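Two complexes, one shared chain (chain A), two partners (chain B, chain C).
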Partner chain A sequence: MHIQIDEISKQFGTTAALTPVSLSIPSGALVALLGPSGSGKTTLLRILGGLEFPSSGRVRFDGQDATNLTVQQRRAGFVFQSYALFRHMTVFDNIAYGLTARPRASRPQKAEIARRVTKLLELIQLPDIGGRFPSQLSGGQRQRVALARALAIEPRMLLLDEPFGALDAKVRKELRQGLRDIHDETGLTTIFVTHDQDEAMELADLVVVMSMGRIEQIGKPADIRARPATAFVREFIGA
Partner chain B sequence: MSDIAPIRFRSATEETPLARWALIGIAFAGLAVLVFAPLIAVFAEALVQGAWAAVKSLGNRDALSAIKLTLIITAIAVPLNAAFGIAAAWFITKFDFRGKAFLITLIDLPFSVSPVVAGLCIVLMFGSNSLLGGWLVAQGYHIVFALPGIVLATMFVTFPFVARELIPVMIEQGRAEEEAALTLGASGWRTFWTVTIPNIRWALLYGVLLCNARAMGEFGAVAVVSGKIRGQTATMPITIEMLYNEYLSVAAFSMAAVLALLALVTLLLKTLLEIRHADQLSAQRRH
Partner chain C sequence: MTFQTIDPPLRLPALPVLSSRAGALARAGLKRFGLLGGFLLFWQVAATNGWINPTIFPPLDTIIAALWNSLTSGAYMDDIAISLQRAGLAYGAAILLGIPLGLFMGQIKPLEQALDPILQFFRQTSALALYPVFILLLGLGEASKVFVIFWATLFPILLATIGGVKEVDRKLVEMAQTFGAARLTIFRRIILPASVPAIFVGLRLSATTALLLLIAAEMIGANKGLGFQVMNAQYNFQIPQMFAAIILLALFGLAANALLVALQRRLCRWSELAR
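Let's turn to the complex of A and B:
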């Protein structure tokens, strides 16, 4: 799905989290929002997911105005920074949640739900953990379960807030490849937030560098490396 | 060769066996004197003239009316306070607004105000001499010296229990899981029942049990608003006091024993639930 962000701004009281930003994300792209802490990455992602509403500007999905769509109507697969798995449910029930929450008319049969959850567990290469609780998983496993849960609703896009933030370097590398594979397999437009420039450069088709609520540069990783548009980008990439 | 004494390791926070037994002993002695002894005394007093006298004293019309009234009041006040408590805790923890600290203080107010004062406030507001009370009486609604007043007084006194239990738990859990449910397509209502409530259920249960125990036992505020009409507005605690003042010791202590038993049943229920769900409980706590 093609995502278009038109002059979106966001005020929290007197702080401007986003000064008007515009961005066009082609269908099927894997995009990194890269920037230092407080630059507005999470805010932009939450606005796309419908968890936050912009103070001004419009969001378009495939050319259609989506600014006023509710969070449920957006059908965005959202992976939270701390994963936000439902702690009182098993991994199976976590992944099945989006399917069982559907209105009765469009809700799949129990057997069909079980089949899809099993398939997703295989996709994240954790076929045997359906019966466990989130507290019984490692950080990397939790992250993959969160991804499977988001994929279960057959989302129109994937939004991930620092998906690898809380993990050690080795696991990060593995999961990076895992995300790339899942993106290539599903073809979903995917946006992930990171403040790790290696991660952004290595994984993304398109990198959006942000600072202080503004977009500093949009480009392919190689272009940003070769031709930083502003002093900020040069310094941030150089670091 | 001499015997080699077995080496014993003790962790840094562990006390010597002597100190440990001494501490456990003190704790039990304290419990025995402050909790068990009075409890046993109540039952002993009730049974002084035999079980039959105790049962008979509970069988008369006024005693039965008191028990029924207390159960009715609890059945109204506790669910309402649970609902208000959930709403208040939810509102306070999930939204940012001005005057939040003030609202939290307000929730604690019933703890710091004497129940008698609370009862007087209700009489002042709803008594037939007040504007509101006078109008209500003219319409045929009696608040003071009637069931609604007693329920109001009980609710005021027990209001903080549920909210107080829930607020820290809900602050700790944050909004992330609820937001996750919403992004997965669940409605706000469904999110509330499948994510919010299950996450707070133990704190809620605990708050409700405390609220319940206090609602059954409330004396001061109810004494003021009820008018202590025997067989009509006298609750169990009120009846116990009246019987005791009339030197009807067996009757007074029999009813006290029933009140104590009701409290013990609630405690037992809580313990049973905890044992039954122990695995799940510990699994969630480690999260």
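Let's turn to the complex of A and C:
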């Protein structure tokens, strides 16, 4: 799905989290929103997902105005920084949640839900953990379960907020590749927020560098490295 | 004997395994109950040898005998029944009111904020101090006794439930919202199960309080019940009977707690595993 952001701004009280920003994300791209904390990257992600609404500007999905769509109408798959797995549910029930929480009329059959969950467990390469509880998993496993849960609803886009933030360096590297593989396999437009420039440069097709609620530069990782547009970008990526 | 000689290879390796397992069990039992056993043994020996005044601390075997007699003769049956009825009614009412109200209040912040100072004030006010007020209002009969226990057990349950709901990670609720879950679905499948461990903390606290208040209320104005029997036995200097009633009360407390722990294990396997 192609995503178009036109002059989006966001005010929280008197502070501006986003000064008008515009961005075009091609369908199937893997995009990093890169910046320090307070740069507005998470706010932008939440606006795309429908968890926040912009103070001005429009969001378009495949050319259609999506600014006022509710979070469920947007059909986005979310992965939060802390994963927000449901501790009292098994891994199976966690992944199935997006389907079982639907009203009865639009809920898939039990067998269909089981089939999808099994397939997703295979996709994240943890086929045998369906019966476990989140507390019995490692950090990396939890992250992959959160990813599977986001994918279960067959989303139109994947939105990840610091998906590798809570992991140690070694697991982080492994899971980067895991996300890349899943992205390539599903072809979903994927947007992730990070403050780690290595992560953004290594993983993303397109990097959006942000600071103080503004977009500093949009470009391919190599271009940003070779030609930082502003002093901030040069300093932030350590070029 | 012949069996043993016919088939020695089966018995020989089994014996050390069995004895080491029994040994481990005995060691664990000694660790846990050794001190208690030592204390009881000391009581028994000290009382029978007159090291302590046996009229105030009778030997354990006389207390056990008194307990056995009162149970088998049915002398305490009426008292046990009425005590359990009072505590049960009050505790049940506190659960029926406290949990739903707590679930409701925990989710509505302005309501919770407005009521919290009142709840904190009531919680800190000893229910026993209010017992005279309840007697004035409800008379010296069953109603005031049940009400004072209800009052004392309500607040731990209510506050624990509110706390449990409030502590449910907002991110979980937000995550459920991204899946388009309805408010009721989120409540039923996310908020309620996640608050159960906290609710059980309140339930266990209140179960102890219920027995405590039961005894106090029965000592003040009753002619039946275990609390009355403790007091009555002391007035009549039937010290073994007094201790028998006290032991009975302690056993009820242990049983109530064990029941709640078992129920909690069943309901929240996930939080047991987290430990």
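Keep this in mind: the second predicted complex is superposed on the first by the 238 of 239 C-alpha atoms of A that agree within 3 Å, B and C clash if a C-alpha of one lies under 4 Å from a C-alpha of the other, contacts with A are read in each partner's own complex, and residues count from 1 in each chain.
Everything that follows uses one rule, which is that a contact is a pair of C-beta atoms (placed from the backbone, for glycine too) under 8 Å apart; a residue touches a chain by one contact, two chains touch by 3 or more.
What you see is a predicted model, and the numbers here were worked out from it, not measured in a lab.
Superposition of the two complexes onto chain A shows a clash between chain B and chain C.
Considering which of chain B and chain C touches more of chain A, the answer is B. Residue contacts after overlaying the shared chain place A:Ser135 against chain B and chain C alike. In the three-chain model built by superposing on chain A, chain C overlaps with chain B at stretch 238-246, while the rest of 22-30, 130-138 or 238-246 show no clash.
Comparing which residues of chain A touch chain B with which touch chain C, the overlap comprises 49, 51, 71-72, 76, 78, 80, 82, 84, 86-88, 97-98, 101-102, 133, 135-136, 153.
Residues 49, 51, 70-72, 76, 78, 80, 82, 84, 86-89, 97-98, 101-103, 133, 135-136, 153 of chain A are the ones that touch chain C when the two sit in their complex. Across the complex, chain B meets chain A through its residues 176-177, 179-187, 190, 194-195, 198-199, 280, 283-287. Residues 49-51, 71-72, 74-78, 80, 82, 84-88, 97-98, 101-102, 133-136, 149-150, 152-153 of chain A are the ones that touch chain B when the two sit in their complex. The part of chain C that touches chain A in the complex is made up of residues 169, 171-172, 174-182, 185, 189-190, 193-194, 196, 268-271, 273-274.
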